[in-house]
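Chain IDs A, B, C and D follow the sequence of writing; residue 1 opens each chain.
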Amino acid sequence: MTLTRNGIAYRVSLDLPKGGYVNLGIGIPTLIPNFLPEDTDISIHSENGILGVGPMAEPGTEDPDLVNATKEFVTLNPGATIFDHALSFTMIRGGHITHAVMGAIEVAANGDLANWSAPGEKVPGVGGAMDLAFGVQHLYIAMTHVTSKGAPKILNACRCPLTAPRCVQRIYTDMAVMDITPEGMMLREYAPGLDPEAVQEKTEPRLLVADDCRPMEIPERVNGVRLVAETAAS
Amino acid sequence: MIDKNVASCAEAVSDVFDGATIMIGGFGDPGVPGRLVEALREQGATDLCIIHNGAGGGDFSLGGLIQDGRVRKLVASFPSGTGSTAFRERYLSGDIELELVPQGTLSERIRAAGAGIGGFYTPTGVGTRLAEGKETRIINGREYVLELPLHADFAFIKAHRGDRLGNLIYRLAMRNFNPIMATAGKQVIAEIEELVPVGELPLEEIHTPGIFIDRMVEVPRLPQLFAPPKRGAAT
Amino acid sequence: MIDKNVASCAEAVSDVFDGATIMIGGFGDPGVPGRLVEALREQGATDLCIIHNGAGGGDFSLGGLIQDGRVRKLVASFPSGTGSTAFRERYLSGDIELELVPQGTLSERIRAAGAGIGGFYTPTGVGTRLAEGKETRIINGREYVLELPLHADFAFIKAHRGDRLGNLIYRLAMRNFNPIMATAGKQVIAEIEELVPVGELPLEEIHTPGIFIDRMVEVPRLPQLFAPPKRGAAT
Amino acid sequence: MTLTRNGIAYRVSLDLPKGGYVNLGIGIPTLIPNFLPEDTDISIHSENGILGVGPMAEPGTEDPDLVNATKEFVTLNPGATIFDHALSFTMIRGGHITHAVMGAIEVAANGDLANWSAPGEKVPGVGGAMDLAFGVQHLYIAMTHVTSKGAPKILNACRCPLTAPRCVQRIYTDMAVMDITPEGMMLREYAPGLDPEAVQEKTEPRLLVADDCRPMEIPERVNGVRLVAETAAS
């Protein structure tokens, strides 16, 4: 069994501390706020100058002056603040943002990240990804373990252009939770029903297995949202 | 009496010259001075270098300017948005030059120009393709890349309210690049939604002091682009 | 629920250690977190490096801390004010070290620390005694001097109103160095005049977002230090 | 006849353009606002983060949170703005302040300025003087022509530590108005009753005399304030 995209988001949400300042990339990370308890006081940061981003705006109530970094219409939570790009990237580059969660095209065993320039993409675009990868205190990756064609995305070395070298701290996938450690990539948890060997099979670098490596504790559903996939991993 | 207000967008952009470098504020739609850019399309200046976070969308505003073939070079962090069809087409045909800059470096280079800083060292990009060929330096054990200021002949910005002295207030996420671009253009032209008398803008809420603004033009907010804010805190 | 408010100035400064570097906000009297500095005098940490625009005055706050012999080094732009008697005495007797920095360079070095900038080139000081021994460089035909960021273990700042998340608003010229020092201290401690519920501070007027604040303490404004503002525009 | 301190301030005020953004140093420059017409829309800048400084506060109405760079209690003019030190020195260093008027200990023929460290001063202090001298569009000096002991302050070369090299554009004294030009220091105007030779006598560098060099047109009093000294120059 593997996790759904919501399941990956749920698992990340468990590791975001109370009062954290968190920047969420596009894709799976945008699902994380649905799983944060109400009293966490976690502030979601958006590069375009918002701290305290709330839920997406209900259709018909969008404010044209209020979008997030993905240009979606959002709302604001109580205590939200607005600022210009200079202060927004002071927060990022200056190490004030505690966590960024973003997707990846490739992650290497040493923590190298490639997520801004995909093979075959003709028009490059980097946005705030590099500043985040170089600047935040904790960089987490949330992604599917393999490509849609089944190829590993966790590699011995990245082949795509780097976003930043040695920046990733932890990877969350549909199969596992892994830490980048000085000794190498360490498996911490695997999806319910899998085992370390199954994860290793889809992972290019040799995985270290943590002493307390264990199956994830993850409910099948939360608030009616399915966290564990119905079919077994391919 | 100083009055920086001019009568029309056409008048505001009348002296933009061929080959000019122009900053355009905004991120996504909020804060984009779209009517000024439309007036620039009418005005005719060409061979332009545009500094903007993205590459515009559709055939309005920056998207239209690119589609018209008036932009020689774009300095941007995210020109690859799905809506940036005009840029994509001209970029792939080799008709437009691109300088791709990480968003925080873009913002800091603009600020440096406005603040009289000759250059700065940022960690962003070290060891990646975007720092290739650039000077790097280790300071206190960390490697940084030297980045230079981005100046512009003109900055087009957008604000919510302003007075004749050029004092400006932005609404919500309209702020983004606008306050820093306001410091960095030789001529700074503001599109504002509402002109108010001097003294009406609350002193401590003014985001851009008038010193940075050369000209401004009132372009009332289009009703169809406006939905009332949903929460008391948001106004 | 996050609440950055602590019960007393004593608690707020309890972990300041001997040898620490501390930024102190304010310019003249406005914006000086005087009660935090007084609590630090009580607390006892010594051998301190203080970063502040001036050298304090009289025997209260920074003036008192210097008089008590607790400051090893001062980084300042204007320590020569006539009221800075404690500093004058200890400086002339060789008991305190001074790093004199032009005011704009002081402010920019603090900002650089907060913004993750490794260093920057400023024109200020080139060819003067204050740039002696520093690296210079010609960029686009102008000579600049390389200046490095100023970090601090603690920043003591003062604001007018704040909420439990650390969002802060400054009143009038109280702002000065406070917002930039708030970005540059490892631990940032705010003395605020009034604690208000979350959501009460108008969203777009918040000068310092709470992300920069670690701890805060409410010290109601002393009536004798307050005269009502004279003009409507000034509140 | 020479100008009073108010006379020097008055003469400077005639050269500040409508809509200018002007930083005024301590001493004679603080007298300038008294002579600005009401409709000039000149904004007075103070390094501590004010643009639009108004008259000094009346005793008893001082606001403890509102001082200028000299720590005097001031008021604000309509349209004034408040900002932090970073933006204040963006205005200065970035060349947005159109004029600074400051005093000097010494000025050299090439425009070198020394005004932050006087001989015999034991505690140094520089404040914002250097940033202003390097950054503003037009740097004007307003000072007495000679020291209290009668020694020239306009020199072939500065002896005191420099504030900035080649920064001064124009000098206003009780005796004359002089420009720093590529060719040298040029006398533009002299106080009523003096002549170019009398100015040269108190000036170390050789003065060039402008083709249209002329006596200042200056009233004896404005608003009851005396602009021309009652006794002749020493």
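The criterion applied here is as follows: a residue touches a chain if its C-beta (ideal position, glycine included) is under 8 Å from a C-beta of that chain, and two chains touch if they have at least 3 such contacts.
Quick caveat, the model's predicted, so the values are computed rather than measured.
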Of B-D and C-D, the pair with more C-beta contacts is C-D
Chain A and chain D have mean C-alpha positions lying a whole-number Å distance apart equal to 58
Rounded to the nearest Å, the gap between Cα centres of chain B and chain D is 36
Dist(centroid_CA(chain C), centroid_CA(chain D)) in Å evaluates to 30
Note: chain C sits from chain B at a C-alpha centroid distance in Å of 32
Listed in rising order, chain C residues that touch 2 or more other chains are 108, 111, 115-117, 122-123, 171-172, 199, 203-204, 207, 233-234
Where chain D touches two or more other chains simultaneously, the residues are 76, 78, 80, 82-83, 86, 89, 92-93, 135
Contact graph of the chains (line, ring, star, complete, other): other
Touching pairs here come out as A-B, A-C, B-C, B-D, C-D
The residues of chain B that touch chain D in their complex are 1-2, 111, 113-117, 163, 165, 167, 183, 198-199, 203-204, 206, 209-212
Given the complex, residues on chain B that touch chain A span 27-31, 76-81, 84, 87-88, 91-92, 98, 100-105, 107-108, 111, 122-130, 160, 171-180, 207, 225-231, 233-234
In the complex, the residues of chain B that touch chain C are 108, 112, 115-123, 137, 139-140, 142, 144, 148, 169-172, 199, 202-205, 207, 232-235
Listed in rising order, the residues of chain A that touch chain B in the complex are 46-50, 57, 60-67, 69, 71, 75-76, 78, 80, 82-86, 88-89, 92-93, 117, 121-131, 134-135, 161-165
Interface with chain B, chain D side, in the complex: residues 18-19, 21, 39, 41, 43, 45, 51, 76, 78-83, 86-87, 89-97, 135
